[in-house]
Amino acid sequence: MVATELIVRDLAFGLMLGCVFSVVAHGLNMIWGVVKVVNIAHGEFIMLGAYGAYFLNLFAGLTPLETAPVDAAIGLLVGYAFYYAFLHRELRNKETITLQSEMVTLAATFGLSLFVSNLAIILFTGNPVGVNYNPGTLLFGYLHVPLAALYVAILSVLIIGGTWLFLERTFIGSAIRAYSQDVTATELVGANPAKVASLATGLGFAVTMAGGALLTVWIPVGINPLMGALYAPISFVIVVLGGPGKMWGSLVGGLTLGVVIDLAQAFTTAQIAYAAAFLILIPVLVFRPEGLLK
Amino acid sequence: MIEKPGLTLYGLFIVMALLAAAALLLGVAVSSLLVLLLVYAALAYSINFITGMIGYVDFGHVLFMAIGSYALAAMISYYGANPLLGVGLGALLGLVFALGIGLVILRFRGVYFAIATVVLVLAAYNIVLQFPQLGAGGEIIFNLTFQPLATYFTIWTIVLIEIVLTYYVNRSRIGFGIRAIKNEEDAASSVGVSPRTLKLTGYMLGGLFGGAAGAVYAWSISGVTAGPAFDFTFSLLMLAMIIIGGVGTSIGPLLGAIVVYIPSYFLLTTVAQAQPLIIGLLVIIMALFLPDGIVGLLRRSNERLRLLLE
Amino acid sequence: MPILQANNVSKNFGGVQALKDVSFDLPDSAVLGLIGPNGSGKSTLLNIIAGLEKPTSGIVKLDSKRIDNLRANRVVGYGVAKTHQIPKPFSNMTTRENVAVAVLYGRRNIHSPSLALQEAERTLSLVGMGSRKDAPAGSLTVQEKKRLELARAIATGASVLLLDEVFAGLSPDELKDSIQLFRKLHEELGFSALVVEHVMRAVLNLSHNVIVLEEGHVIATGSPDEVVHNDKVIEAYLGSKNSAA
Amino acid sequence: MQAKPRRLTTRTTAIIVVGIVVIVIASGGGAYYYINYVAPRSGCTIPSGRDAIKVGFTISLTGTFNVEGTKSLAGIRAAASWVNDNGGVTVNGKAYNIALCYYDDQSSSALIPTLYTKLITQDHAQFLLAPYSSLLTNAAAPLAEQNNLVMLSHGGSADSIWTLGYKNVFGVLSPASTYFNNAIDWIAANHPGDKLAFLYADDSFSKTAGIKASNYATRQHLTVVYNASYPATAQDLHTFLAEAQGDGADDLIGGGHYADGVKIVQQLSTVGWTPKFVSLLVAVTEPQFQLQLGTAANNVTGPSQWETTATYSPAAAQTAGIPWYGPNETQFVNYYSKQANAGSPTYHSGEAGAAILVLANAIEKANSVNSTTVRQTISSLHIMTFFGQFQVDSTGKQIGHSMVLVQWQSGGLVVVAPDAVASGTVKYPYTGS
């Protein structure tokens, strides 16, 4: 029943979907990996990024690809504000985040998620909207590849690679890496821990919101205030799969999820495919709590 | 041996007595409004056993509510059983699932546990849709003759049991062990506390009462549908209630349910989104500045209140 | 007849061998000092006895019953209690409640919280913390937190205490007090103790016998006097200092 | 927690207990007073001039169903103002206005019990309309039943609603199981060799419509080569569409709510499949569908409960031998356009407006506002409105009304089946974008 053509197609679409999942989760990964905080309101900032793409398209005619850098700039500022409002009190003067602080940040960002999503309903109404962006399709034999999805996939990989390069090759990057290993080590390399942590949070938000913009290519009429409730859990799964703090982990996790969903759909029902995609998390946590990536 | 109960318990009994009287005296109209309040309270107490007492943040508690809802709906629509039997089955299944799930995911600490609870809900939602026996689109609806007082007093009894149980667990030996785990799990095990057993106990109590409350909820709306049944809104409301009321305490969940539900009743029809907006804001403030919620605030404000409120 | 026995205990972490065939006997009511340079495996050995880690091979026996395959909380039930090197109080509970947890879960005979609290109060005055019984444990000083660790361990009713650096980080005066307190407690309660310590003076003062670990091996055993004059021990300590410098 | 430096005296205990009781009673009494006297911010708008009959309902003005909800509300208001402008509802020789009491339910079934209880107990609604969608109707129906109030369903089409023995719940619209019958009839008559693919969302309405349609197709001797449901949250439908194409399907039937329809048509082009015939639920009748998709919307068909171009008239009622009630097509559209946020009417507007007309007619015929009397009248009512016929079976399910099939043709929506009300013919095949 299942023809090779179908599997090739599912694989191709699964990989492209996986790329956009990766970039959507990548911001969460950066914050989680560096400041060790899981932002429960992650999905809401994806949503804001998506609305950014919608409004810039509506008023300025920008495509989602062009919106991404604008969203990222906004995200950087939002991330700074977020750090000082929510994390600074819990993180300053601490070597490692305590379990108690972890619970505080979980609860506080959970409150933020309720707040932002409902504010969005008031501001944007619950009416789902979308961005029309269709630069055409590319034909590889029998395989039609929508260019929009392809661009987004390439851009996603570039963003993830870019953050990796930034962390590996720049001074600020090495300060961030030092912070993620050991907070006091940050001071040894001559940087202020709070500044490093807030910058890392800002970068995380920048990527998150840019990811939200790129995601709009995949959800033609799916931008709505409650979309975060789906993409936050997907992001959690991806980061755990890849391993928090590992930049390429986002890509590994995202591609795994994308391919599992699309390939499993070829062999079984969509419901089972989705259930499986979420349930992978449990055995991974039991047997490889540090993530799939070494 | 258990100590003499304090005023907190009597206070809670008085509130419960008033709720019972309200339903009997003011009739059907009031009772059908208060049913939802009590369902919320029951859910808040149920998540209090795990998130409030043990400190493991459970974003997926709605899972047990859904299990209870489906148990009751299936019992009624396929076997024509008495709804009380459905509530019993819901509670039992909640307990059994909590046992199975807890054995695996209670090994994960902190945020990993929280995330595991989220993905379980999403997976369960898709699995339910896979079973045609649970209705097209996971929808089972049924029609029972009108039994407002039966529903009301079932959930009332459940809440009462939860209050007494919470109160005595907090005061008993188990309560000491549970608080030790919440503070320092490793240190607790090195003075002889078994975190595994106590965490599982808390989680199973949560599952049991979550299932029971979910069953009553399905009973009160005469059906269950997959989308709303697995809607995270309920999980979030439960969490918000105990965070606002005061985690781990025996007053907190009821207080939180009242604070969250009663204004919602008025706000819903004026500024629809204002209520979750305010709840979100309250949760942020409580989490960052008042970790023990309203009860903690009251206890800190006055020495006598500190002794009275548990 | 020793109360605690370790036979050929080994432990690997990945490729690293933290302990190699470590054996010792702890006689009843005795105090055994366990010393060695940093990273010599002292804490690992203590964790294995306390059930916090499983040995890769070897056997630990208490009263000739095997305890190496038990979970930490079960080991406490058998009568072995460990203090933490970095104190881990139950911060949001009072000092008295902290100790009461140990009473309720360490002993089989007390199930009532009110009795446990009374018992906890007694234990606290025993370690000289009676006046701090209602203070939240999170607000204690480091020295007080270390005393609390000791009080909790004693309150479990343990016959064997595993003390992980309870004397570290104290001023000379505090150290003197603590040593005196320990002596007093040991006389009154008659427990056996395995004392891991960096502060040589404390160990030599308290212990009946001392074992010295280096890189997971036992390199010397004997009375405190014998051990300090042992060439290998001197080399291990000085040598390790030389290589570190 | 256990710290008790001194015991409280009996007197202090008594004072505290009394204090608590007083506070609780005071706040309870205060709340009761507030609910009943201070805060009756009711959702009712009472038109001036005559006494009013209150009709209560919730409608989705925000959330998932907000497009459909807004259209329905405007339809309800249009029908109510037609009734009020044309003599009102006469009971025992006295004319009443129809007053609408409604709240926004945010498309959330969790809010339905609270809001309907409020409508019934505080606003004293005498008759009820159901909310939009089967999901919400299911949540609301028990409350109508419990309070013995008539409830007309205008947006809940799941057949399951009518299997529960509800005595007070009546459908105005055709049930989900019949949505695709027109499309399948047309294929069976014109292209019996086509192989069909069914792909629908897994919510209860779409799934019922999809499953019943595939059964119906089999009964019409058509070949079904693909039959699957997808999670309502799926971003990526490529896999399903490609599979359907791979199984050799010629025609595609299915969909879900509005967003699903747009998603399917967009992804058809990226999969590179151009089915010959496409029929999708709900989305197709929305003008936005065409705006969003442009030429790709051309020749897409969809079932509709009603279109402004469908021709039900007093004359048609006479031919059918049943009474006519309410505005004709033009009058309704006219009233509709005066409502706020109305846009142009869709079938959601039509079915919602018809619910008010059926209710008004039934109250007049019963000559009573007593719920039980009106209920009995509705069960035997057989009339025609601008929306088509109304007649229910013994369970309350609609059997008089019939669906139409619409198709986008060069930017306009044309009724193409059944022949009796059609204003054009089906264009075949679908041409893609």
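Letters A, B, C and D mark the chains in the order given here, with residues in each chain numbered from 1 onward.
Assume a contact is a pair of C-beta atoms (placed from the backbone, for glycine too) under 8 Å apart; a residue touches a chain by one contact, two chains touch by 3 or more.
Bear in mind the structure is a predicted one, so any value in this text is a computation, not a measurement.
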item	value
Touching both subunit A and subunit D (chains)	B
Distance-to-centre winner among chains (Cα means, whole assembly as reference)	B
Chain pair showing more contacts of the two, A-B and B-C	A-B
Far-end chain from subunit D, centres as C-alpha averages	C
Centroid distance [mean C-alpha coordinates] between subunit D and subunit B, Å	33
Length of the line joining the C-alpha centres of subunit B and subunit C, rounded to whole Å	42
Geometric centre distance via CA averages, subunit D-subunit C, whole Å	72
Residue numbers of subunit A (touch at least two other chains)	121, 269, 271, 274
Multi-partner residues of subunit D (at least 2 other chains)	1-3, 62, 106, 202, 229, 231
Subunit C residues counted as touching two or more neighbouring chains	91, 97, 113-114
Subunit B partner contacts - residues on subunit C that touch it in the complex	50, 52, 71-74, 76-77, 81-82, 84, 88-93, 97-98, 100-102, 104-106, 111-116, 152-153, 155-156
List of subunit A residues in touch with subunit D within their complex	3, 5-6, 9-10, 13, 17, 121, 125-128, 130, 132, 134, 137, 139, 142, 144, 146, 149, 218-222, 224, 230, 261-262, 265-266, 269-271, 274
Subunit D to subunit B touching residues, read off their complex	1-4, 13, 16-17, 20-21, 24-25, 28, 31-32, 39, 41, 43, 62, 103-104, 106, 108-115, 117-118, 120-121, 135, 138-139, 141-143, 145-146, 158, 160-161, 164-166, 202-208, 211, 229, 231-232
Subunit C contact footprint on subunit B (complex, rising order)	1-3, 171-173, 175-177, 179-180, 182-184, 186-196
Subunit A partner contacts - residues on subunit B that touch it in the complex	55, 57, 59, 104-105, 107-112, 114-116, 118-120, 122-124, 126-127, 129-130, 232, 236, 239-240, 243, 271, 273, 276-277, 279-288, 291
